[in-house]
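Naming follows writing order (A, B and C), and every chain is counted from residue 1.
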Amino acid sequence: MSAMSRDGDTTVVGGPLLHVDGLTVSLPGATGRLLPVDSVSFEMAAGEVVGIVGESGSGKTLTALAIAQLVPFPAQVSAKALLFGGYDLLTAPPKLKRTILASRLSMIFQNPMASLNPAMRIGPQLIDGLRSSKEFRRREARARARHLLGEVNIARPEAAMRRYPFEFSGGMRQRAMIAMALMAEPELLIADEPTTALDVTVQAQVLEVLRQVNREHGTAIILISHNLGIISEICQRVLVMYAGRIVEDLDVTALATGAAHPYTKALMASVPSLERDRSAPLVTIPGRPPRLEERLPGCAFAPRCGVAIAQCSTERPELAEMSLDHRVACFVAIKHESEVMSRGEA
Amino acid sequence: MKRQSQTRRVVVAFFRAPSGWIAIVSVGILVVLAIVAPIVLGRDANQSNFADLSAGASSAHLLGTDQLGRDVLARMLVATRLSLELGTAAAALAFGLGVPLGAIVALLGHRARDAGRALINIFLSFPSLLLALIIVTIVGIGTNGAVIAVGIGSAPYFARLTESLASAAVGREYVASARVIGIKPRRLVFRYILPNVAEPIVIMGITYIAGAIIDVSALSFLGVGVQPPAYDWGALLNAGLQNFYPDPAGALGPAVMIAITALAVNFLAEGLARALNPALWTAAKELRPGALRPRKLARQQ
Amino acid sequence: MQVVSPTVEPGGASRSRVMRKHGIYDSVQRLFRQKWVAFGIGRLVHLVVTLLVLLVVTFAIVQLIPGNPARLVLGPKASPQAVEVLRHKLGLDEPLVTQFLHYAKGALRLRLGNSFTTGQPVSSILLQRLPYTLWLDGVALVIMMLVGVLFGLLAGALTTAHRNRWFEIVFMGITGFGGGVPSYVCAVGLSFIFAVTLRIFPVAGMNGASSVVLPALAIALPLSLLLARVVRVATLDVLAQDYIRTARSNRLSIWRIYFRYVLPNVLNAAVSLGGLLFVGIIGGSVVVENVFAWPGLGTLLVQSIPALDYPVIQGATLLLGLIVVLLNTVVDVVRALVDPQAAVGGP
């Protein structure tokens, strides 16, 4: 796979845009280090839209922060490999890393209300989105900011740039944040629960903006949410996280019928639908996710799993390819699949 | 029965932190000094050694001698009594004037209370030293004048504190129901409101003793407080300053005493506050009086 | 790229380009347009009432003196006739209200009588001394703000997320002790270190630019340590905010983050305390001036009290009080400007 790099040279990028292997985030705890993110591995191609879904506490936000190298003290990031755009983020010198990340990776966060500096106008803040990138020229930056504000449907961008954040509504602020994230024309945009704090109507607007960004600029997106509905709207692929680990990695189209991991299946089942029998009780998953201190050997979901076998409590299942573009971390699922395959071949 | 165990708990909590111990010990030393020093060192403090006028520190006179040849160290220790006495008296006066005033304002009708509050705030917006100097002019300079001046000058602070706490209490239901029953205002104040706002106010009162000591010393230092032949730390500081070049210790000694006393009393109050109810004091501590000495602010966690 | 119709935005026509530069102009415009009426009138009323109280209090000085002021001034040996003459001269035998009006009118016209000790007109004495006090207080103010904010910022930056606990302890110790030290004690200490031991700065008087350093430091240091405490807390608060995370994700340099993202928001929070501390500078200067024999209003006031020079006492108190009132008003206005949101209100 080759890609045009910024300066116009054709660089043969022999691999994916993002390659994550064994990403772990650790926190100091009372009895040793805790692992809110526990050996996460996946890959993303340029222009792909990937969703990460999971309950609160599953480690999805920290995973994103770790990739963006924004993990706050005292948490620490370690990985077997963390490659972005061909660069090794773990070993790159700080200045280079800063420029790469500023120019090619952007992140938007959950709560737009507090994400903008109340003491600065919108214009300068957007311009700050470009400030640390390779080529920064003030006048061009200002023009680009104006242009992007228009692209995210903020009326009268020139005037908007002179406003303070408190004059904007929540939806407008989130769209301004998206504009800021797009200033440097990033190749990867990470959106952490971008719609959670917003009204449903505004949600649709924001998602549409993200869809357009991907379509018109080829920007890859990682969309993080606990809401399967949002994920399935714009993502092509989904990573399901539980207790700091990826338990399944599959196509969005396969979610409804082809999910293999018991947790994923339970998640899908728990989404209420309008056609359901109203009198039947809502489906829930019994029990609760393990707390950080409680992580035991073996599969993290085993205590709550309906089909767990003995092996699940003693050995930790790793992500294994079940079929093309479908990985799952479950002994039962893999065994079931291999049985089906052998039966099919027989 | 419950009260007793609560007191016990408070005392235990107070001594758990090292600051509690430091406070009690240092305040204890100061009090002992106040009582004992004039008795033991009284003669030395007043004895002029004409051979050694304005001498610097030496083995005989650890902090040197003043312009009349008197031992500075002895005088400094003896002055503890007067400084502590006057400071406590001034604090008590400020407390006794300000607290009832604040309570009364809190009980007034809506308009009167707003006016009263505004008036207190206006007085509070001036440095208390300025107010004290005005009062000293009226009442006359001297020991009494200084105490009255500092007392009245710092009363607005207690008034505002009491008023805001009492207003908060007045807004609550038990006061409304008491009023409905027809309980007279005087009884209302003393039996219903004051007991409930007493804790923070008393803490601030104790804290303010340090401030009062500093303020009275300031007046003496300026020459409008304690007059010779009596002397407190402020007066000694003044004398020491005039003698600064030959004997700097003459001024540094009293200065250090003032600073240490302020620190000790502050430790005491902080320890008390922490032992009683940490959350409650954050608001109260911000409202310290004006410019005589600066305010200390609660440690926010 | 029109998906939904663009939302209608608040605010009217685009502003002129000239206004673009400073938030202050924008704030003033907004203030003017929306809430300035309530705000301005409120402040004005407060100002007038405070000045009135000041006048009454200074007037009351002479009135409240127990005994006969004229006799006090002339001494016990003076004849009753002389006392009567002075009483009449001072207008003390007229009704109270008349006296007050006379006094107030005179004050407004800067006619404050003559000094009992030197016979000079009080207003000229005051005017001669005023610049020294203003200069001292101004320098102290600047030092207090600089030291307080910088030290507090540093402390905040170093102690986020409970890092460097040792520094936090040291910081609390220094600010606790230093903040509790009164300005005159600080003055003596500084005098000792710099004037006597090191002989860098002059011990007394106003001899050229360097002599303002020690007195200003004496006033400013304790207050700045208190300010630092509050600034540190405000800094910790700001650093935990989401917009700092945004700035970091934009990979901005540390300097820009602190200068444009942290500092302005810290100042917002710290200005309230700063206002209270400003007043402390005036009070502190009254005492410190006397330590350093600084030829300002403080030394004037303190000298005139034992001398029973009532016109001067009244005038000096009035002037010092006026400075305090004006300072408080300025602080309130600055607070309103610095926080446009508080002044105008968000959506």
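As a working rule, a contact is a pair of C-beta atoms (placed from the backbone, for glycine too) under 8 Å apart; a residue touches a chain by one contact, two chains touch by 3 or more.
Everything numeric in this text was worked out from a predicted model, so none of it was measured.
Undergrad: If you count the C-beta pairs in contact for each pair of chains, which pair comes out on top?
TA: B-C
Undergrad: Using CA atoms only, can you tell me which chain is the most central one in this structure?
TA: Of the chains present, the most centrally placed is C.
Undergrad: Just the number, please: Cα centre separation of subunit B and subunit C in whole Å.
TA: Chain centres of subunit B and subunit C, defined by C-alpha means, are spaced 23 Å apart.
Undergrad: Let me have the rounded angstrom distance from the C-alpha centre of subunit A over to the C-alpha centre of subunit B, please.
TA: Using C-alpha averages as centres, the distance is 60 Å.
Undergrad: Hey, how far is the Cα centre of subunit A from the one of subunit C, in Å?
TA: It comes to 52 Å between the two C-alpha centres.
Undergrad: Could you list which residues of subunit A touch at least two other chains?
TA: none
Undergrad: Check each residue of subunit C and list the ones that touch at least two other chains.
TA: In subunit C, no residue touches two or more other chains.
Undergrad: Provide the residue numbers of subunit C that touch subunit B in the complex, in ascending order.
TA: 49-50, 53, 57-58, 60-61, 64-66, 172, 176-177, 179-185, 188-189, 191-192, 196, 203, 222-223, 225-226, 229-230, 233, 273, 276-277, 279-284, 286-287, 290-291, 301-302, 305-306, 310, 313, 317, 320-321, 324-325, 328
Undergrad: Tell me, which parts of subunit A touch subunit C in their complex?
TA: 68, 70, 72-74, 98-99, 101-102, 106-107, 109, 111, 114-121, 124-125, 128-129, 131-132, 151, 153-156, 158-160, 162-164, 166-169, 171-172, 177, 180, 205, 208-209, 212, 216
Undergrad: Which of the residues in subunit C end up touching subunit A in this complex?
TA: Its residues touching subunit A are 1-4, 6-11, 14-15, 20, 23, 26, 160-161, 163, 241-243, 245-253, 256, 260-261, 264-265, 268, 340-341, 346-347.
Undergrad: Under the stated contact criterion, what part of subunit B meets subunit C in this complex?
TA: Per the stated touch rule, the residues are 118-119, 122-123, 125-130, 133-134, 136-141, 210, 214, 218, 221-224, 237, 241, 244-245, 248, 251-252, 255, 258-259, 262-263, 266, 286, 290-297, 299-300.
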